[in-house]
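You will see chain A twice below: alongside chain B first, and alongside chain C after that.
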Partner chain A sequence: MSDLGSDIEQDSKPRSKYVKLVSSDGFEFIILRELAEISPTLASMLDESFEFKESKLNKIVLREMDSFLLEKVVDYLYYHKKFSDKDDVPDFEIPTEMALELLVAADFLNI
Partner chain B sequence: MALNRRVKIRPPKRNLNDGVDIEKSWNVLSFAISEIYNKNASNLSFEQLYRKCYHLVLRKQGEQLYNNVKAQLRNHLLDKRSGLVEMIKSTLGSSTLQASVPFKADILVQVNKDWEDHCLCMRMISDVLMYMDRVYVKESQLPMIYDVGITLFRDYVIQYNNNEIGTILNHILMSGISSNRSGRLVDKFLIKSIIKMYESLVGDNDIGVNKNSDYEENYYLKSFEPFFMERSFAYYSELSNDLTKLENGLNYITRVNEIIIEEENMSVIYLPKVTFPKLIQLLDGILLTNNIAKVVDFKDQGFNFWVLNDEYKQLNLLYSLVSRIDKSYGFIQANLKKIVLEEGSSLEAITKESVRNNVNDTKKKRGPKENLTQYAIGWIENVCKLKEKFDIILEKGFKNNTDIQSSIESSFVEFLNQCPKTGEYLSLFIDSNIKKSSNNKTEEECEKVLDKCVIVFRYLKDKDLFEKYFKNHLTRRLLQQKSMSIDLERSMISKLRQEVGSLYTSKLEGMFRDMKVSKDLSLEFGNDKKTNFEANILTTTFWPLQINKDDDQVIYPDALVELKEGFEKFYLGKHRGRNLTWAPNFGSVDIRTRYKKRAYEINMPTYAGIIMLLFEYHGSLTFEEISEMTNIPKQDLTRHLQSISVAPKTRLLKKIPMTKEINPADKFIINENFESSTSKFKVLTVSLSNKVENDNERTETMASINNSRKFEVDAAIVRIMKSRKTLSHNELIAELIKQLNNRFNPPPSFIKQRIESLLEREYLERNSENRSVYTYLA
Partner chain C sequence: MSYRRRAPANTITGESHIRGPTSALTGFLREHGINDDLIRRRQELAEQNPDNDDENQEEEEGDTEEHPLDGAAPEISSAVQDQDEKEDEELQIRIAARRKRRLAKQNESDYTDSDDDDNDDSQAAASNSSSTPISFSSNKKKMTLAPGMEIKCYECPVSFKITAFSRKVKDIDGIIIGYLCKDCAQEALEKEKLKREKALKARKRRKKVAEALLDKQELKFPSLQDLCVKLIIKYIDDVEQFGDIGTVNLSKICQILCKNRLLSDASLQLFLNPEIKDLELFDCSKLNADSLKKIAAYCPNLSNLSLQFAARLNDNVFDYYIDRLDNLTSLHLNGSFLIFDDMWKKFFEKFGKQLKSFTIKNSYRFTDKSIDYLVSNCQVLESLTLSRLDGVISPTSYGKISQISTLRHLEISFPTNEGLVTNDSVIQILDTVGPQLETLVLDGCSALTDDFLVKGIKANCLELKKLSLKYLDQITNSGFQELFTKWDSNAGLMSLDLQKCVCLGDDALVAMIHHSSGSLIQLDINSIGDLTFEVFNAIKKIGLPLLTTIDCGFVRAVDNRVVKILNDAAPQLKIMEVFGCNRCNGSVNIRKGLQIIGRQSDSI
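Entry: the complex of A and B
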């Protein structure tokens, strides 16, 4: 269990409006909790009743994703929220070179 | 996306945890599961576990992971189970499986806690293993890991070792419910949560084979419900026995009602919806269907008691109880009917008794006829009271239920028509209420009484019989001006018309028309002649008067002859071609005369007047002489002589000898010493008021009724056949009964006889092919 390292801050009030997503290369993205909860995977991680480490710290370390990928994921979450209840939805820009990586990430996050 | 730019697609990083050790990953997960059970999840990183699972599944290790998890869960649950068994044993002692297990909340609490923990853990585990569920489990069509966990709980905790814990739990629950039933306080929510747990335990016994099993009995239905129903059955049966033993209907229905409410509340709180109807059915069956008939027979506080004592509240309660098991209230209907019939037949005795008491009280001498009349009136009055009583019972006790109402009504019809004289009695009753001075009722009160009469009338089958009596009585009231008010009479007629239509009342209305026309005529005639003469011109067909041929022979005194001829001339001048017949026995005259003390103005029947006028010229006359000189029929003569020479208050003539009976040889002279307290008075004729008929008269009436029925049936048959031309026998009879319903119910034999007669007279003929079909011959 030690491979998470000790770099996680003992921080953040319980149930803050924001959560922190950390990429494999150490970049931190602070986003609205409700955005994170778009992904069932992330939502489960944050589920308070389960009391996993992530939900306590409001911080999820995503070892599978580097910052480029995670940035794109966060982009997508905002995009999802912005257009989820609209009819006229523009395409989500996906750089061709990232397509496969994003596919895997989407599978992982179940979004 | 511009694919034509030929950008290189970066491959996803596969090498981060590449070469990940499957064994190691599993160990991490397995440890995590234990940690989750130990509530140490906060030390675990979801992301890490999820990732492990993710990689295992990606590396095609899903199956092994699934089975491993299952095995671990099983082991864990077996541990839990032993803990529970241990605890149960220590709580209950060694004798765990006896029939009566006390309600041990601790055990339930523990089981419930374990269950809730398990559920939470399973949710966490299944979330962590979400990727496996999503990918592997779906592909292989296995139950989701969460469901597996639930099934495992059932198989390895509750049902393990021959349903060991399950049985104990059932008993504990049941004893909890029992103590709740007997009014002790138990933690209902605890019971509820265990039952909820039972309901969640779905699935086949063998998890491995368990596929596509959407519809299965849960543990509650399979195990607890039958047990619960069995116990409830015993409980209700015992209750029912105890309650019936008390033989107190009031107690019974109040208790049953309470129990029903309790059981319903209980069910709502902790029983699933599926059980509710079953339980209620059981309850209704044992406590109501099986026993409700007994409630009637309880002497204290039984159905009969409530009805007789107007206990509306109890009846209402009973009604709502019966409504649970029988929406047509057959039970109530049958018993009410019995009571109505019993009460109805007991009226006879009651009325007789009250008439007897009345006679004893007043010590007045009355003829048997008068007593009978009194009885008739009293009887109808009691019938009305009885009806009123049941109306109120119906309204207050049975919410005006139409089924019950019709059964009450049919009972009334039955007992009213058991007595053949009801029609006559009813008419007499109306007579006594409408007559002037018979009681001190206001018109409104009379109206109410008449309304009740109409209800009794509605129940009569032989309405034509009633009509005959009513006509007779009405005639007397009209001609002798005895009605309290004509308006009242009219309103009675219009009530009858509303009830059975204008055909029925047309003759009665004709009588009123005659009265009105006569009044105008008399007024006109009186103005001409300057006399006060009232003639009633009565259409023969409307009035039930017997025209007596002897009446024509009556010799009138000169004063009256002049008047009579004058009126005849006047009337026939107005209406040519009509035939006037005089009916002096219905009229009256006013005579002003002087006795020793003072002058009197005496109103007396025409015949009496004729007799009195004889004494203008004759000092004394014998009965024979009077009869000769007047030609008044002997019977009438006797009656009138009685009223003016025997009746103590109006002894205008002196009879020699002074006996009550009138004999042909008796002599009569003016009673010089006559005196009266008022200067104006009326001579009442002996026995002219409306009374019950004696047997002879009755036979006569029945004969005449029968006669007129013949005509009515004949007329109805001809009417029907004329419009329908051909009809089968049964159709004809049905139609006939429908048409005559407003008047009487002809017995089939009577109808047959009339049809035969019409066949003979060639109004109808039988169809040559089908003998039961009639054809009308024009």
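Entry: the complex of A and C
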């Protein structure tokens, strides 16, 4: 997806299975597209019909989240994928000191 | 050195000095020279004596404990040592003979017992029993097994010595049919543990589902926001400030705090900031007057304020509110019984021109005079709720509401005595506000009769969408029929609440369904006992395309057939409450998305 210049070329290519989430301190998390799309906010950023930069680059920079926070968010996305259709769901661990920040992030991502 | 020297003295048997952790009992027995060998030998001696043949294991154990052997033990063991081999042989022969007898008996007798064993999971290995050297059939005879005997494990071909701690295998009647070796016992123990854990988990989950059901929610996968909110609630006392967590989350935290009765002077501060326009606190019972004052001090731009259980909201605080909250358009108070007439006068005089929504509940200091101030000052009031006001005692007071011609939502409920809200006063109100009225709630005004339905509602209420008439036990079929027959001016009700209108029957409901079937979303017919299957037959024919919730608890006619009819005739139906309908059980197939709450058969 390096050639973001031409839209036509972009359309003809199959979309990458993975997207990149970048934290404020520059850490990159490469995760499955379907995981990112659990969050309606990220999903609309990645929606091709809106032609955002994010959807062309398959890369979303989340300036409000540092790497610790984003790692936890990604953790949750995997937790969601793994257990959302299961009966027996283990608890999702959240460090107490992160709860408020994570709530802000979760509110932004709508997850 | 001294320690080392002492150590062998303790071990009379001269075993290896290296040992794992042992119990106090083991230590005690070892000190007295009692070990496996000794116990086995005593057992063998007992075996030789035919009188003691049927003594069971517990008695044997009791014996050894009651007469513990002292220092003489080693002597005994040495004395018996010579006989050891002989006895061992004899024992083997004995056991073999007994086994043969048992096998023969088993072949003769029916196999019902072993069949039963096969059905039971824990006894699945019963079929193996014939292959073990000592076979434990499901014979009802007591086994002569005692610690010290060497037998083969019930599960695997390992031989081992029975100890007091060996795990017994019992059949369904509780009779011991064998023992497990150490490894198999460990395995069985782990299996049991797992099973227990699973059962516990399953129970927890069922509890969760049941709780969600009673809250009329479906059990959903927890969102990250919910998880965070839960954690924050737990540590609410340590939170200094919420960041930008969004108004939805803020109100969610507030609601959960109030639900758990945790909203305190300290945590209130977290919800106050000068920008908010709406504030809703569901439990102010722990807030003192100073904290309540803070609300107006920190949030001067409030336009919508709702305080429940605000008992400590007194004249002084309310005066401060009146001075500070210039933008207030909506005030909802519950339980504020420390605000007196004069302060209500001041309030209505200042806010009469802008107040759009006003609720007062559970306050005996809101009196006839207060209603006068309300009526004479409020010019744009659209929503008014007066509920459980024991200070309103004049029969003319409620009728004065007719002067507020702008009302669109009106609730007058549970007056202190039923004579205060009469047909005449309601008709008087509806004559002026009826044409634009959308909501009418007259719960507990039990003096009302059919008259107000026809002369009040039918004649005036063109726009009425929500009607609640709980506990009106004087309205009858004929009134309802007259109201809903040819009521063409009204497009249909969306919500109808008829809980405990005990004089209503089939005809009333059928007439209503003919009129409002196309628009009805919510219906409450709780405790209308006279309803029969006929009503539901009518629903089956006409259909209720928009109906989403129905409460038909304590209606005798509701059974599985009715559930099926509603399942089919109301495609949008999501919640159906059937408390007290004993003939509803789980045997009806209902579509996904429809929740039935209150069935006796849904036990956890």
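Basically, the second predicted complex is superposed on the first by the 97 of 111 C-alpha atoms of A that agree within 3 Å, B and C clash if a C-alpha of one lies under 4 Å from a C-alpha of the other, contacts with A are read in each partner's own complex, and residues count from 1 in each chain.
In this text, a contact is a pair of C-beta atoms (placed from the backbone, for glycine too) under 8 Å apart; a residue touches a chain by one contact, two chains touch by 3 or more.
Just so you know, these numbers come straight off a predicted model, no measurement behind them.
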Check your understanding: Based on the superposition on chain A, does the combination of chain B and chain C result in a clash or a fit?
Key -> fit
Exercise for review: Check the residue A:Val74 against both partner chains and state whether it touches chain B (first), chain C (second), both, or neither.
Suggested key: neither
Practice item. Using the touch definition from the top, say if A:Ser24 reaches chain B (first), chain C (second), both or neither. Key: first
Practice item. Identify the partner contact of A:Glu54: answer first if only chain B is touched, second if only chain C is, both if each is, neither if none is. Key: first
Check your understanding: Is A:Phe92 contacted by the first partner chain B, the second partner chain C, both or neither?
Key -> second
Practice item. May I ask you to decide whether A:Ser84 touches chain B, chain C, both, or neither, giving the answer as first, second, both or neither? Key: second
Practice item. Could you tell me if A:Leu62 is touching chain B, chain C, both of them or neither one (first, second, both, neither)? Key: first
Review point. Counting only touches as set out at the top, which of chain B and chain C does A:Val104 meet: first, second, both, neither?
Key: both
Exercise for review: Examine A:Met45 and indicate which partner it touches, taking first as chain B and second as chain C; both and neither are also allowed.
Suggested key: first
Exercise for review: Considering only C-alpha atoms, give the closest distance between chain B and chain C in the superposition, rounded to the nearest Å.
Suggested key: 6
Practice item. Would you tell me the residues on chain A in contact with chain B in one complex that are also in contact with chain C in the other? Key: 94, 96, 99-101, 103-104
Review point. Which residues, counting only chain B, touch chain A once they are in their complex?
Key: 1-3, 5, 7-13, 16-17, 28, 31, 39, 41-48, 50-51, 54, 120, 123-124, 127-128, 130-131, 134
Practice item. Quick one: which bits of chain A touch chain B in the complex? Just the residue numbers, please. Key: 1, 3-4, 24, 40-41, 44-45, 47, 49-56, 60-64, 66, 94-101, 103-105, 108, 110
Review point. Quick one: in the complex, what on chain C touches chain A?
Key: 201, 205, 221-225, 227-229, 231-232, 235, 239, 242-246, 248-249
Exercise for review: Please name which positions on chain A make contact with chain C in the complex.
Suggested key: 73, 76, 80, 83-84, 87-89, 92, 94, 96, 99-104, 106-107, 109, 111
